[in-house]
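Shared chain: chain A. Partners: chain B in the first complex, chain C in the second.
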Partner chain A sequence: MQHSKLLYEKGILHNKKMLTQSQYSNFKFVARLDQIKTFTAGIKALLFAEHGAFMINEDGFTCTVEQGKCIQASLFMMPACFSEFYVDGVLHFNVNMNVLNECLSIFAGIDCTMKMLYKGPEAPLILVLEPQDECEISTECSIKTTVQEEPMEYSLDDNSSSLNVIFIRGPDLSNIFQEFDKSTEELEITISPRRPHFKIDTLGVMQSESSIEVAKSSDMILMFNCRETTKARYKSSLVRMTQKALSVASKVAIKTDLSGLMEMHFMLQDDSQAEVYIQFFITPLAEMD
Partner chain B sequence: MFTFFFADMKCSLDGGNARVIAKAIQSLAKFGSDLYLEADQDGLQLRTFNVSKSAMGTFRFKRVFFEHFNAEEGSYCKITMKAILAVFKNMKQVERCEIRLLIEQSKLQVQFKCRLETIKNVLISIVDEENVTAAVSMEDTSNVIVGSYKLFNDISNNFNAAEVEMTLEAMGNGLTAKNYIEGARVNDKFMRSQLKLSPTEFESYNIHEESAVTFSLKEFRSFLLFAESIGESITLNFNEAGGPIFIKICKLDLIECTLVMTTVYTDDVSMYEECRESEVKEASTHRSFATSGQKRKHSNPKVIDKDRINKKRLSEETTLSNNSTLFRFNTDNNNDTLQSVDVARNLTQEDLDMEDDEDDLILAAAVAEDNALHTSSLPAVRESEVFVTFASTETNKNDQNSDDDDDADTIPQSPQREHVPKLRSIFTRCFESTYVPKEPSPSSQVFVPNSDTED
Partner chain C sequence: MKFKAVMDNAGYMREFLNIIVTLSKLTKECVINIEPDKIHFIANEESGTTAPLVWVDIDAKLYFSEYNIELADSNHSKIMLSTSPANLSRALSSLRSNARHCKLKLINLQFPCLRVEVDVLTQNSNQTRQTAHDVPVTVIPRGEWDYYELPQKPNSKLVLNVPSNRLMRGLIDKIKNLSPTVIFYATSAGEMNLVAETEMATITTRYKNLDIREINPSKGEKNKDQIEASCSVDCKKTSIFFSALQVPTGELSCGIDDDRLIHMEVNIRNGVAIHSILPAVCM
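The block that comes next holds the complex of A and B.
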């Protein structure tokens, strides 16, 4: 930044914000966001783990968190989400999520423009935040990065005959999840081509068992793609970790197959039409027969 | 996929009416921890009691309230309020509701058909196949007041939200709502407030027997909430203090709600001597009953005699109320049969005597068994009965032993108690039943005489 400022003062640069070629060559990764609202919401949804693994390449930006071997969540942002996106090769580094969150909320929720800069291994991740209304203020945060092993890779077989995919409107699914008894321990999710098409049972509540079914013809279901019945149980504490992502999602995709591994995609509302989504993998509880 | 069970009771209703049931359950949940559900040919009944069983709320939904209603004669069950309340918490999306009682599986099934083709299905375990009834009837109440929920809301809002009880003084020329009992001992910092209302404020005002009744506000407020939600007026039926008060809300022929509460029995209230109404006239008629060293207060609101002479309380045994037992439970398990107090303690007779004055008989059956209590023998409580009385939270604590000026002139000298500590307790202490008053207590010794001329 110093560099461009000097050039600006010398009159070589007309726009202080403009990056020069020399700066690009100094940094491995430079990106600019005009609005950090969506990005902040995405980061907040991943706050259940301490460290976030960043993976940046030409396809976009990924931040992954894990808890145990039970749940994994990733925030994906396409290069199109950024007003400026430059990356040299593939970058891996870890950042403390709480620190990142604190930096992002340094202006107490006022929407800012942000520039991310990263020079390479062992260099800090630099965030430059400027509130949109006030050009006078800007803050520069430098977050230490570490290098750690890459996160586990989960995947569902896209060609499996038992792969079931449902698209649901976010706010409606959020309502359903909110009605579950807080004391419930396990959730059983059934997806079936016949009635009940999509059913969630709550288990482990004293003196009461409840279930909720949604017919596939319901307006909240945007797509229902199911050939075989799948049924699996999940720890409700894990499912509840998706709550923050769910509360900001406009659309949710639920994918699962006979293995029971559940993949959820939360599409975040973004004005720029570019795709920002959070992906969750939740492992099922072992069958007890 | 679907198993059809034989349902002992099955009813269905639309979303609007389901929300009314939800309101009813929310209202009952404010004071009861169990819900008794009963279905018969006429409709569905929801009922609950408060912890001390001094109030019973009943909601009766008539057959026509439902779209379909099918019930075996006398199907009933008991479920926990927590479980059912969770089901009826969020009713926004509900379009239709079905309730089934499956005695075989000992479950109560509630099914909601919601917006967006969503079905919510809940099975609640039945705790007990138990039903309760109360042996009280509204027939012989002489005072009837009908007023809109708004009016009663105003009355209730006039008092602090923390207020526990309310006194209604029904006079021929108007009603006075107070947060205190006339003449009762109160905390020094207590603020008295009252609200006077003329009979014209009410839809109907029929007082045949002027009286002042004191009852609990918590249950009353929870019923007010329901009255407000259906926009109906409230009917109060009551007699004299100590008898039950009935609060009724009706909606056409569809819903009938009754709240029965015990009212404070004036003898249980600690009074300021000056304010206490005379006992002398009564005393003379009951002179022969004066026994041993026990002193019981008796007050008759009708007779007013401010003679200072009557600082003695007389033993009064004939006016024991038979109103004090309100509800009779035909429960099968009567382990919770409430027995009165303290005879089983290892205390000397002297201790017992002293405590007669100090016992805050929070426990039930107090008044009805007063006599027995004093003679340290309990009557056999019928196994199948539970007596319910209003919990008295105040004591008879204004023993004025010191000034026995010239009371001998008017009333027979009753045996004097030696030094009874001048304890004044407003609320029962949890250790009251085991408390030995001989132990040193901060208030047992008077270092400076009371400078308050009124006391």
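The block that comes next holds the complex of A and C.
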């Protein structure tokens, strides 16, 4: 580290475990972002869980959080998103999401460049942040990492005949979600080849109901791929957890099949044209009849 | 005992209002020291709260085109009042909109009051309207002055000028959520580090190439090449000071005294400054 080591020698810092020396070659992971806005927005969308599981390999960077066995969210970034990306093998480690978020927003909205460094198991994750218009200030955060079991793997069968995929414009879906009754407990999502092509029903505590239908010819639907009707219910509190991701997404993909497991992809707009997206898996409620 | 002062510069009037609003965010009751050439405001909340000790120096000649003070007798060198800065800021709030001039006057209705008269230019016509507020004050008797002594500006070991406190304010605000204390560590080479260390994370922010304003090395350190100073302070207290500041701040100077205190000074302009003392805390 650039300045932490000196501070440790002066007795200002005490926790030696949080320091790493600056030999570049020893790092298992080095990445550099020229602006952290998109990354920070992505991390903020995953703040509903305490720990984030980082998985880094040649294909890119993934951070996954889950809550119970009901919802899982991951942020994906391709190596092309980074101006520098080096990884040695496959790395797994966990980081406290709140601490990470506070560190990322330490310059309070001013866009920074960031360097991420990691040396391997038991070493901290190091972030070096430098505001873009102030070269005299820099912050180093070293965040404790832990090793925990890997997150659950959810997937939809791509070859299933019942796999339905629709693409919707992000801001439009965001408007629909905002119009829902706040007290709603359950949502029922229907995707069908005939009318109503895409329908969301809400069911409230007082048996209050509402429904929204979107025809496949609507401007907000970018792609509609459906062969069989699928219908499933979800807890609205889980669906609401996608709100932060939805608010920054330009495009949303919704995938589901007869099992009812819903996969949502939120594409984030990045200036660099590189692909950044957040993926959610939401499990359905069991049929009650 | 008489006091009367008139302001008629729009910029100064706005600044004066901002200073009072800053004080109202820090304390319920503040002390006003009116001296023949200076006005001081002292905000010192009773112990037990986290608000820091803050005081303001104002050069009377600069802000006030007319400034008359008549003391009770030769025993009294100043007038000492205490009042609620929230009330005073409400009385002054019309300074925000096109005020022509503002008069402050100490009067005695059934109890002592500071009368605030503001002439405001109406937007549509050229006529002025006058507002007057009487803000109740308490006159602090001579015998109790010792309790409200103006804090002395400390002779810090190392004083650095920090530009753009906008960053500092956000920084302290974020560190506050992670760690209860923050260490200021600076060297005479113009480097300052803000360090927060917890079990979960270590965060160090470094400012480089800062101007050194003052160095007062201790006896043992006089021959050293590099003088260092460090002090750990309460993060919440520091954050309260920064978030209370309502004045546009060009320059912040930060004085560090080893394990004793940190002295912040915001120079609004020559002769007008806000000071704060943050006491050291043990880790």
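One rule holds for everything that comes next: the second predicted complex is superposed on the first by the 263 of 289 C-alpha atoms of A that agree within 3 Å, B and C clash if a C-alpha of one lies under 4 Å from a C-alpha of the other, contacts with A are read in each partner's own complex, and residues count from 1 in each chain.
As a working rule, a residue touches a chain if its C-beta (ideal position, glycine included) is under 8 Å from a C-beta of that chain, and two chains touch if they have at least 3 such contacts.
As the structure is a computational prediction, the values presented were derived from the model and not from experiment.
Peer 1: Which holds for A:134: it touches chain B only (first), chain C only (second), both, or neither?
Peer 2: Only chain C is touched by A:134; chain B is not.
Peer 1: Regarding the shared-chain residue A:63, is it in contact with chain B (first), chain C (second), both, or neither?
Peer 2: neither
Peer 1: Examine A:144 and indicate which partner it touches, taking first as chain B and second as chain C; both and neither are also allowed.
Peer 2: A:144 sits against chain C, while chain B stays out of touch.
Peer 1: Report for A:213: first if it touches chain B alone, second if chain C alone, otherwise both or neither.
Peer 2: A:213: touches chain B, not chain C.
Peer 1: Looking at A:226, would you say it contacts chain B, chain C, both, or neither? Reply first, second, both or neither.
Peer 2: Neither partner.
Peer 1: Given the touch rule stated above, what does A:108 touch, chain B (first), chain C (second), both, or neither?
Peer 2: The answer is second: A:108 touches chain C but not chain B.
Peer 1: For A:179, decide between first (touching chain B), second (touching chain C), both and neither.
Peer 2: first
Peer 1: Counting touched residues of chain A, say whether chain B or chain C comes out ahead.
Peer 2: Of chain B and chain C, more residues of chain A lie in contact with C.
Peer 1: State whether A:252 touches chain B only (first), chain C only (second), both chains, or neither.
Peer 2: neither
Peer 1: Which residues form the common part of the chain A surface touched by chain B and by chain C?
Peer 2: No residue of chain A touches both chain B and chain C.
Peer 1: Which residues of chain A touch chain B once you look at their complex with the stated criterion?
Peer 2: Its residues touching chain B are 172, 175-176, 179, 181, 194-196, 206-215, 217-220.
Peer 1: What does chain A use to touch chain C in their complex?
Peer 2: Listed in rising order, the residues are 2-4, 7, 10, 12-15, 18-19, 96, 98-99, 102-103, 105-110, 124, 131, 134, 136-144.
Peer 1: Any idea which chain B residues touch chain A in the complex?
Peer 2: These residues of chain B touch chain A: 1, 79-80, 82-83, 86-87, 90, 93, 116-125, 127.
Peer 1: If we count contacts the way the header does, which residues on chain C are in touch with chain A in the complex?
Peer 2: Against chain A, the touching part of chain C is residues 164, 167, 169-171, 173-175, 177-178, 183, 185, 193, 195, 197, 199-210, 228, 230.
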